[in-house]
Amino acid sequence: MAGTKFAYVRNFELPDPLLPDTYLVCRLDGHSFHRFSDEHGFAKPNDERALQLMDHAAKSAMIEFKDIMLAFGESDEFSFLFRKSTNLYNRRHSKILTTLTSYFTSCYVLYWSQYFPDTPLRYPPSFDGRIIVYPTERAIRDYFSWRQADTHINNLYNTTFWALIQKGGQTTTEAHATLRGTVSATKHEMLFSRFGINYNEISQRFKKGSVIVREIVAPESSDKGENLEPSMHLTRSEVNKTREESPERSGVPDPPTSIPPHSPSTDQCETPPFDPLRQKRFKSKKKNKLETTVEVLHCDIIGDEFWLARPHLLEN
Amino acid sequence: MAGTKFAYVRNFELPDPLLPDTYLVCRLDGHSFHRFSDEHGFAKPNDERALQLMDHAAKSAMIEFKDIMLAFGESDEFSFLFRKSTNLYNRRHSKILTTLTSYFTSCYVLYWSQYFPDTPLRYPPSFDGRIIVYPTERAIRDYFSWRQADTHINNLYNTTFWALIQKGGQTTTEAHATLRGTVSATKHEMLFSRFGINYNEISQRFKKGSVIVREIVAPESSDKGENLEPSMHLTRSEVNKTREESPERSGVPDPPTSIPPHSPSTDQCETPPFDPLRQKRFKSKKKNKLETTVEVLHCDIIGDEFWLARPHLLEN
Amino acid sequence: MAGTKFAYVRNFELPDPLLPDTYLVCRLDGHSFHRFSDEHGFAKPNDERALQLMDHAAKSAMIEFKDIMLAFGESDEFSFLFRKSTNLYNRRHSKILTTLTSYFTSCYVLYWSQYFPDTPLRYPPSFDGRIIVYPTERAIRDYFSWRQADTHINNLYNTTFWALIQKGGQTTTEAHATLRGTVSATKHEMLFSRFGINYNEISQRFKKGSVIVREIVAPESSDKGENLEPSMHLTRSEVNKTREESPERSGVPDPPTSIPPHSPSTDQCETPPFDPLRQKRFKSKKKNKLETTVEVLHCDIIGDEFWLARPHLLEN
Amino acid sequence: MAGTKFAYVRNFELPDPLLPDTYLVCRLDGHSFHRFSDEHGFAKPNDERALQLMDHAAKSAMIEFKDIMLAFGESDEFSFLFRKSTNLYNRRHSKILTTLTSYFTSCYVLYWSQYFPDTPLRYPPSFDGRIIVYPTERAIRDYFSWRQADTHINNLYNTTFWALIQKGGQTTTEAHATLRGTVSATKHEMLFSRFGINYNEISQRFKKGSVIVREIVAPESSDKGENLEPSMHLTRSEVNKTREESPERSGVPDPPTSIPPHSPSTDQCETPPFDPLRQKRFKSKKKNKLETTVEVLHCDIIGDEFWLARPHLLEN
C-alpha cells in the first residue's frame, strides 16, 4: 500500500487477537431465511435439498480450513469448532470470522444450482457470523449439546405444526394454538394418533442435525477408505479437478453426488471400534501432517460416545 | 433457542458494540485473488469485467444497506463508509461486519456469470473484511485519499510492468528490475516513448478506481432522474422483479446492463452545480425518508470538490 | 523478565490500545463512600475538607499527567479529560487507567491528614475508575455539562434534605417523603421560607463543583504569575522540595495552604479577557513546551464562555 | 445521576465483561520504583521493610476481595489470582482492575509508616495494573512459575551485583561488566569465594518471593488456628477495631506486628499433611460460606507439592 502522507489512517486499525489456547466456535446464521425459504419454495417442515446444500458448504469450509475439527448444522445455521491450538491468521478475530463467513456464503451460492436445479436464486442470500471463545472442554460439549437439543425441540415442534396444517387443515394460527403448552410426549402422541406419523422413524438428519467431523485416516487403511468414500479425501487440487470435469460447468446442473446421499450408514453415529493407538498416533504424526477426512454424520453428540471415540476433536 | 440446561453457554457471547457517533469503514479484500485472477484468466493489468463485477456487488450492497454513504473500490478490494449516526444492528461489530461481507460475497458469486459468461467459477472466491472506526471527518477524507492514491500508484506501476512484458517481451523478473527505483515521471515517459501509451488517456476507472456514492434525489427532478438512469432507483422489490424477468434466470447469461457501461459521462466527476439548499433539504426531509440513488463514478476524491458537492456524505 | 520456558504466558497479555485522535475521559468514583463518609464524620450535606482533599488529589494528578487538560469533581467523584492527541503510554487502556487511579488514590491517602488532622483514616479508602472514549467536542461539552447538572441537582436536593433533618427535625424517611416529586422552585422556596436559607448564597464550590483547568501561562506575564500564585507553577522537583520543608513531615499536620482557600475570586469563573493571540501562541510554542499552570475554579462550564476562553482545552 | 438532556453521553460507556469461567490474574507493578526506592533509602539488594509493606497491602487486598485465592509478590510487583468462577462486579474488566489497584495503593500509603516510621513519604507512590485472562490450570501454574523463576534469577543477580559494589568496591558499571554472561553456578561461586556468602542461606523471602495463599480453615480446628495466628482470621469489622486501638492512630508508628515476622516456619512451604477429605469438604460447605484464612509463605510454587496440597486454589 502506498507510503503516502495519508497512510497514517492505518493507525486506526486496532489489533484484535483472540485469547490463545481457547476453543473458538464460529456460528453462522442465515440472514432473513424465513423470507428466503418462502421465496425459494423450501419444503416444510424440512427441505432436504436446502439442508444438503448447507452441509456441502460446511464440508467445503472444513476442507479449506484445516483447523476446523467439527461442525454442527441445523436449519439455516452452522457452528464450526476450531481446535484450541489453532494459530490461523494469528488468531485475528475479524480475519478468521470474515474469511470463514465469506467462504461459506460463496459455497452456498456456487453450489446452489446442484441442489435447486430448477429454482434460480432470486436474490443474494447472506449469513451473519460470530465467534465465541470457550475456555473449557465442558463448555464445548455443552455448546454442541445446546445446539442439538435445540434441533430436536424445533424439529418436533415444526413436524407437528406442519402436520396440523398440511394434513390437519389448520391455519398457522390454529396450529400454534393447538401446540401451545404441549410437552414432547403430547406432540409424539398427536403425530401418531392423528396423522399416523411415528416420530422415531423420521430421518436422523432432521432429528439430529448434521454433524460434520474431521476424522483421522489410519495409515494402513487409507487406501481402503478412499475406495469406500472417495469424496472424503479430496485435496484442494482434486476438488478443483473434479469441478472442472463436472457437467455442471457446461450448464447442466450436477446431481449432488459429492455429498454422500442420506443413507442408513450415516443415520447411525459411526463410532469406529475403540483404538488405543489412535491418540498416540495423532500426536506422533503431527509433524508429518496427519491425513484427515471430513465426514457428514447425523448422530447423537450429546452423549459421551461420540466424543470418547474422537479424542482428537478436543485435543485431550 | 432451547431453554435447556445447556443454554448457559450463551453467556460466553460477549457484547461488541462499536463506539457511537463515529464513522465506520468496512474494507473487504479478495482472499488470494492473485491466484484467483490467474485461474480465471483475468486480463492484465486490469480486467474491466472483473472490476465491473466488483462494482456491481458493491452497488448492490449499498442498495441493501441504506447507511452506507460511499464506497471506493480498486482491484479486489472495496471500502464502505457508514454514516456516523448509523444504528445498524445497534452497531454490533460482528453483525455489521459479517452481514456486509457475506452479502458482498454472495453478490460476487451470483452475478459472476453476467460478467464472465464463458468462464465458470472454478472454486468459491472469498473476501476478508475488517471494520475501522474513525472519529473525524479529516480521517475519513484521508482514508479515501489513501486508497485512491494507492490506486494511482499501483495502476501506474502495473500498467508499465505489463507493457514491458506484453509489448516489451520482458520476463516478470526483468520488468520488476526495470522498474526498481523509478519515479512516476519515468514510468510515464517509458510508457509513452517505448510503447506509445499516453497514460493520461487510460480509462478513468483504472486510474481513479470506482467511487460509488449515495446521491440525494431532488424531489422535483426525481422522475426525470429515473427516466435517465433507471437502475439507480431500484427499490428492493423492484430489484427482485427485475431479476425474475431477467433472461439470466432461464439459464442464459444476462449481459451486464444493470450497471451503466463505462462511458465518458462517468469518467468525469459529475459534480452537480452547487446548491445551497441541498443540505437544508437533507435535514428537513430526514423524517420523510429522503430518496436517494446510488451512482458509480470514476472521479477524483482526494480534492475538495467531490466532498463539497455532497455534504450529506459526512453529515456536516 | 526471565527468559524461561514459562515466559510463553506473556502471550496471553493482549494489546488494548484506545482509538487514536479521540478525547479520553477517565472518571473515578469513591468506593462505598457513603459508609466511608459516615465512619469519618463528614459534615452533611457537604464537607468542605473532604472536597478540598479531592481537589488536592485531582490537581496533583494534573501536575503529574501533563496531558490532562481539565478535571471536574463533585462529591466523591472526579472526571479527567485527556487531550485528544495524547500519546500517553501509547494510549494503552489499562496502563493509563490504572496509573491515574492509583496516583489519585495515593494522593488522597497521603494528603488526608492535611485536611483531617484529627481524624485518622480507619481503613484504606479506594476508588474505581473507567475510561470513556469520546469522538467529538460536542460530546465532551455535553459530558461535562452532564456532570455539572448532576452536581446542581444533587446539591439542591441534599441541601434541602439535610435542612429538613438538621433544622426541621425530620427523620431521613420523612425528609425523603417531603421531597418526593418536588421541583427545583419548590425546594428553593422550602429552603428560604422554612429555614431562611438563600440557595443562591451557598458556596459556589457546592453548587458548581470543582473545575480544575490547565491554563496557559502567557510568556510575558509568567514571572508576575509566579509571584502571585506560586503554587500553580510547581515543577516536580519543587513539589518535592516543598514537601520536604513542610512541617507536616515532622509530624505536625500542615494546613492545606497549597490549595487556594475558597475565596470570591475563585467563586467566579475567572475568564481572562479575550486574547486573539492566545491560540496562535499555543500552537507556535508547541515545540518549546508551553508553560502551563493548573487552576481550581468553581464556575459554570455548561455555557460557552468557559470554553471560548480556553480553546486549547479541546484543541480547536 | 441526572436525567438531563446531556445523559446520552452515557451511551459511550461500553461494556467490558471478561470471558466467563477463566482465571483472572491481576498484576500490579510499582510505577518508577527505581527512583522511588532511591528517594526513600531502600536497602540493597532487598529491603525487608519494603517487602513486608508490599505483603501487608497484598494480604489486606485478599481479605477485602474474597475471590482472590493466591497472590505472589517480588520486588515492587504483585500478582493476584481470582478464582475462575468469580463473578465479582459481574466480571467487569475496568471495575475489577481499578478497584483492586486502588485498594492496594491505598494500603501501601496507609501502612507505610508502620514499616518506615522514620522515613516520611516524599511523594505519592503509584502502581499500574493489568488483568490477564488465562483459560487453563496449566497456564496458571506456568504463570506463577514464571514469576517465581524471575524472582530467583533477579535475586541471584542482584545479590551478586550489590556484593560486588558494597563489599567488592566496584562501581555499578564494573559490577554489570563482571556479571555479563555469567551463569548461575558462577554467581554462586563468586558470592561464596569472594564474599563468604552462601546463597542457600539467604532468606527464603528474597529467594522465593512472597506467596500469599487463601487457606481453608478446617471446622474442627478453627479455634486452635485462631489462637495460634490471630491475625489470619480478622474479619472486616475486627480489622477496623484493631486499627482503632492501634497506637499508630495517636501518632506513634505501630511496629508491623500484624504481619508475622520472617521466621523459619514460613521459610518452608507449610504443606499440611495430605487430607483426602479436604476437597470434598470444600465443595460440600460451599453454601455455608467456607471459612478461610490468608497466609503469607515464602515457599516453592513451581513444583507440584504446593498445588496438590491446595486443590481449592484452582477449583480442581
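Lettered A, B, C and D in written order, each chain numbered from 1.
Here, a residue touches a chain if its C-beta (ideal position, glycine included) is under 8 Å from a C-beta of that chain, and two chains touch if they have at least 3 such contacts.
Given the structure is predicted, the values throughout are model-derived calculations rather than measurements.
Among the remaining chains, those touching chain B as well as chain C are A, D.
Annotation: the chain C:chain D pair of sequence copies touches via predominantly the same residues, more than half of the used numbers being shared.
We define each chain's centre as the mean of its Cα atoms; on that basis chain A and chain D are separated by 48 Å.
Centre-to-centre separation between chain C and chain D, using Cα means, comes to 32 Å.
Centre-to-centre separation of chain A and chain C, using mean CA positions: 56 Å. Annotation for chain D: residues touching 2 or more other chains are 12, 19, 21, 133, 139.
Considering their complex, residues 19, 21-22, 133, 135-136, 139 of chain A touch chain D.
Those residues of chain C whose C-beta lies close enough to touch chain A in the complex are 11-12, 14-15, 17, 19-21. Those residues of chain D that touch chain C in the shared complex are 1-2, 4, 6-10, 12-13, 28, 31, 60, 94-95, 97-99, 101-103, 105-110, 120-134, 139, 142-143, 145-146, 149-150, 153-154, 239-240, 243-244, 248-249, 251.
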